[in-house]
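Shown next, in C-alpha cells, is the structure this report addresses.
In order of appearance the chains are A, B and C, and numbering begins at 1 in each one.
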Amino acid sequence: MQPDIVVIGGGTVGSAIAYGLARRRQKVLLLDGDDGDFRAARANFGLVWLQGKGVGMPAYQALTRQSISLWGSFRDEIERETGTRLHYEQNGGLSFCLGEEAFEKRSMDLLRLHNQRGEGEPDWEMLDRQALQRLLPKVELGPDVAGASFGRRDGHANPLRLLSALHAGILRHGGRIRHRAHVEHIEPVGSDFRLFLGRETLVAPRIVIAAGLGSPELARQIGLEVPLRPARGQVLVTERLAPFLPLPASGLRQTGEGTVMIGATKDYIGFDTSTTAEAAARLSHKTVRLVPSLAHVRLVRHWAGLRIMTPDSYPIYSQSESHPGAFVTLCHSAVTLAALHVETLAEAIAAGSLPESLSPFHERRFDVPQAA
Amino acid sequence: MKDASMFHKLHDPGLSAVTVYIDGQAVAAEAGESVAAVLLRQPAGWSRTTPISESPRAPYCMMGVCFECLVEIDGKGSVQGCLTPVREGMSIIRHMGVRRLSA
Amino acid sequence: MNGGHSDVLIVGAGPAGMAAAVSAAGLGLSVRVIDDQVAPGGQIWRGIEAVAASPRLARLGDAYGEGVSRAAAFRVCGALYEPQSQLWQIEPGFRAFVTRDGEARVFTATAVILATGAQERPVPFPGWTLPGVLTAGAAQILLKTADQVPEKPVWIAGCGPLPLLYMTQLLAAGGSIAGFLDTTPRGRMGAALRHLPGGLRRLGDLVKGLSWSRALQRQGFPIIRQVTELRAEGEGRLQRLSYRTANGRGDSVPAEVLLVHEGIVPNIHAPLALGCDIRWHEGQHCYVPVLDEWGEASQANVFIVGDGAGIGGMEACEPRGRLAALRLAARMQKLGEAAADAAARKERAALSRALALRPLLDTLYAPRPQVFAPADETLVCRCEEVTAGELRSRAVQGQPGPNQIKAFTRAGMGPCQGRQCGYTVAHILAAAQNRSVEDVGFYRIRPPLKPVTLGELASLDEQETAA
C-alpha cells in the first residue's frame, strides 16, 4: 500500500489524527516509536477537562469546549467499531480546596476566567463542604477540605484504552501501524516527502508530525520552528477498590478498573522520567488530607512522564508554508482534545488546509513579541 | 473432598502454640510461622478471591513474589501473608473480591 | 523517619548478603542489612535458626545445616540487621525506602550491595492459579519454616535439582509422593555431558544429585518422563491433574496438591529500578545484571551478589558477597589495593570452582519450550488475569513491545509488578513477532518494588514538613 499520508508519532495525538484520517478513507500509515521512547500517551492522567483552562487564551477554551462537545459521539462510534470501552464519563469534575483561603482563590480565578469569556451561563459552581459531601456520600472528607469547584462539562476516560482503541480503529479502517519505526530524517522531494527510517526510506505526498518531544528536529526539516520543552509529571496509582468516588477531581480520580490515580506534579528537569520519593510522599500527603481513609490503601505504581510543553503551554497546529503537504500537531491534554483531533483536525488535514479557528495555534505566534 | 486441608503440620507446637482468628474463627498456629502457612492448613483451601473475576487463590510462592497471599491483618489490607509471622490474637481476614475503602 | 547512614547497605540476608556483611564489617565498614524475612538465612537457609535447635535439622540435609554457623557468624559480625523490612524504593545516592512494622523509614548509604537472590521461574499452564498448585520452592519453605507437608500424597512436576531435593526431604520427613512428572526433555543428558570435563571439578555434587535420583526411583512412586504439558482442573481448588508426554501419552489423575518447578531466575527488579544494565543469559534463559569482576553493576557503587548476579547456587554466593566487600573496603580506604587483590584471587578461585558445574546443570535442566508458550486459555498475568491468547492477538498488531502490551492489556500492572508474567510476555511477543527475547526487552520497572500504603508515604512528607 502506498500511503496517502504518513503520521509520524503513535501517541494519543498522532493516533487520533490517523484514526480520523482512516475513517475519511485516507490510506494512512502510522509510524510509532520504540517501546522505551518517551511516551506521554502512556503516562496520561485521563481527564477530559474544561474547568480552569484557557487563561489568557480564549481560543484554547473554545477549542476545549468544542472537543468536549464531540467526545460523547466520538466515544460511541469508536466503542462500536472496536469493542473497546473507553470508560468515558461526563458527570462533572471537582477541584478540591484545602482551607478557606484556597476556596476563595479558586472562586476568584474561575470568575476571572468566566469574565474573560464574557458570554454564556457559567458551567461551574463553587460547592461548600456540605454540598460537596452530598455529592460524595461514600467519601469521608478530611477536616481541612473547605469545598470544591465543580465543573459541569468535566469528565474522565481511560487514556490507555483510548490509545488502544485508536490503534484498533486505524487498523479496522484499513490503516497501517508500524512500531519501532523511528524517522531519522525528512527530505522534501518536489511536493512529496521522503522519510528515512534507518536503511529504509518511504515516500508520502503528505505527512503529519505528531512525534511529541521528538518533533522539533523533524519540523525544522520542513521549515517549521516548534519550541518545546519537557515538563515532568509524576503520577501514583493504587490497588483496585470498590467504587467510592463517583466523579473525578483534578488530582484524584477512580478509574473504571477501580484503581485510584493521584497526580500530578510538574517540574522542568529536562529529558528525565525518573520518579522521586519526595513527589510520592507529597502527593500521598495531599491525598490523605482530602480523603483520610485512603491512608490504608496501597500504592501499586508510581511513574513519571514528560508533557509536551510549548512556551505558552497551548497547542501548536501548523501547516508548513514552504511545504504545504506537511503539518505539525503538538499539545498536552491529548485526551481532552482527542475528539477534536479525530473530527475537526483530521477533516482539515484530509482536505489539505487548516481552518481559521486553528490559526491562533500556529507556531509563528512564538516568533513575534508577545506585547501585542 | 473439598473440605480436606491441603497441608498439615508434622509436630505439635506445644508451648509455642498461639491462637489466631481467620475471618473471626479461632485457629491454632505456632508462634513465628507465617500467616500463609496457617492459611494453607485450613479446609477452605483458598485465601482470597481476585478483584477482577473473584476467582479463588491461595499462597503460591511463599517467598514474597506472587502476591497471591494478600490478606487483611489486624485491620491492614493487602498484606503479604507469607512475609508476616503469626502472633497471639492476630486477626486475619480473607479479601473477597475488590477491597472496600473503609474509614 | 530517617533511619541513619552506613557505608554499605546490604539488601538481603541470605548466604551472599550475610557473607558480604560479615566480610565488610570485618574490614571496618559500617554495614546495615535489610531483609524481608523474620530471621537470617534467605531462601536456602530459611528458618535455619529456629530449626537449628530442633530434631528437624538432620532430615533437611547437610547443605541446609551449614546455615547454622553462617547465621551465628552474621549475628555477631557487627552489622546492623533490620529483619522484616520491605524495600519499596531505592534511589541513586543512595536512599533506600523501607517499611518495617507499618512504618516507613529512609536509610542512606554510600554503597549498596543487592543480595536479593532468585525466584522460581514462573510456569504458566491452564489452571496454575488454582489453590493447590504451588511451587516446589514454596513447599520446601513450608517444610523448613512450619514443618508442614501436603496432607495427601503429592504430585510434583518439573525439572532441576530442587524437586529432587524436596522429594528427598519430604520422604525423610515422612511425607508421601503420588508421582513425579519429569519435564526434562529427551536428549538433555547427552547435551549436558559435553560440559562434563568442566563439571568434573564438582564431581561430588554430581554424584550427590545422582544418588538422590536413584534413591527416589527405589521408592516406587510413578516417575513419568518427558512430560510436556500440564493442566490443573477443579472447582475452586485443584481436584484433577492432566499431563501429556512428548510421545503423546497422557493421563488424568485426581490431585489435591501439585508442586511445580522449572528452575530459578535472578530477581532483577531492584537492579532495574536503579537503572543497572542487564543482559540476556542464553544458557540460563533469563536476564542477568551486567557486572565487573568484583560484582559491581553499570551504576557505580551498586554491587549485585548471590543468585541475583546470575544463578550460581549456594557455593557461589559467599565468594561473590566477599568480593563486593573487598572492593568496597579498598575503595573506602579500609584495605590496600594489593591486599584486596590478593584476597580477591582466593575468592575468585572459589567462585570458579563453585560455577564449574553450572554449564552442565544449565543444559541438563534448561526449561522445556512449553514453559514459554502456554496454551491460549492460560492466565499469563495472574494479578490482572490476562490470557496468553489475548497477548498473542495483540502481539501481531504492529509489533508492540512489552511496555505497550502492558499499557494495552494491563499485564504486569498488578501488585507483583510483572514478576510472574514478565518472561512469559516477552517470549510470547518474541514468538509472535519473530524476534529474539532479548530484542523484545522487558517491562520498565517503577517503584514501589513492594506495594506501600499511602499513609506510610504521606508520613515521609509530614516529617519533612515538620522538620
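Observations
One rule holds for everything that comes next: a residue touches a chain if its C-beta (ideal position, glycine included) is under 8 Å from a C-beta of that chain, and two chains touch if they have at least 3 such contacts.
Per UniProt, the chains are A, C = D-nopaline dehydrogenase.
A quick note: this is a predicted structure, and the numbers were derived from the prediction, not measured.
In terms of C-beta pairs in contact, A-C outnumbers the other of A-B and A-C.
The chain occupying the central position, as judged from C-alpha centroids, is C.
One inter-chain figure worth recording: chain B and chain C are separated by 23 Å, centre to centre, where each centre is the mean of the chain's CA atoms. Our note on geometry: chain A versus chain B, Cα centroid distance of 43 Å, whole angstroms.
Measuring from the averaged C-alpha position of chain A to that of chain C gives a distance of 41 Å. For chain B, the set of residues that touch two or more other chains comprises 52, 76, 78. Chain C has residues 414-415, 451, 453 in contact with two or more other chains.
Annotation for chain A: residues touching 2 or more other chains are 239, 294, 296-298. Within the complex formed with chain A, the residues of chain B that make contact are 51-52, 75-78, 98-103.
By the touch criterion stated above, chain B contacts chain C in their complex at residues 1-2, 4-11, 30, 32-34, 37, 40-41, 45-47, 50, 52-53, 55-68, 70, 76, 78, 80, 82-83, 85.
Remark: chain A residues 32, 34-36, 42, 160, 163-164, 167-168, 171, 176-180, 236, 238-239, 257, 262, 275-278, 280-285, 287-288, 294-303 touch chain C in the complex.
Against chain B, in their complex, chain A makes its touches with residues 138, 140, 239-242, 244, 258, 291-294, 296-298.
In the complex of the two chains, the chain C residues touching chain B come out as 36-38, 43, 50, 56, 84, 86, 102, 119-120, 129-135, 137-139, 141-142, 145-152, 173-174, 235-237, 239, 256-257, 267, 382-385, 414-416, 419-420, 450-451, 453.
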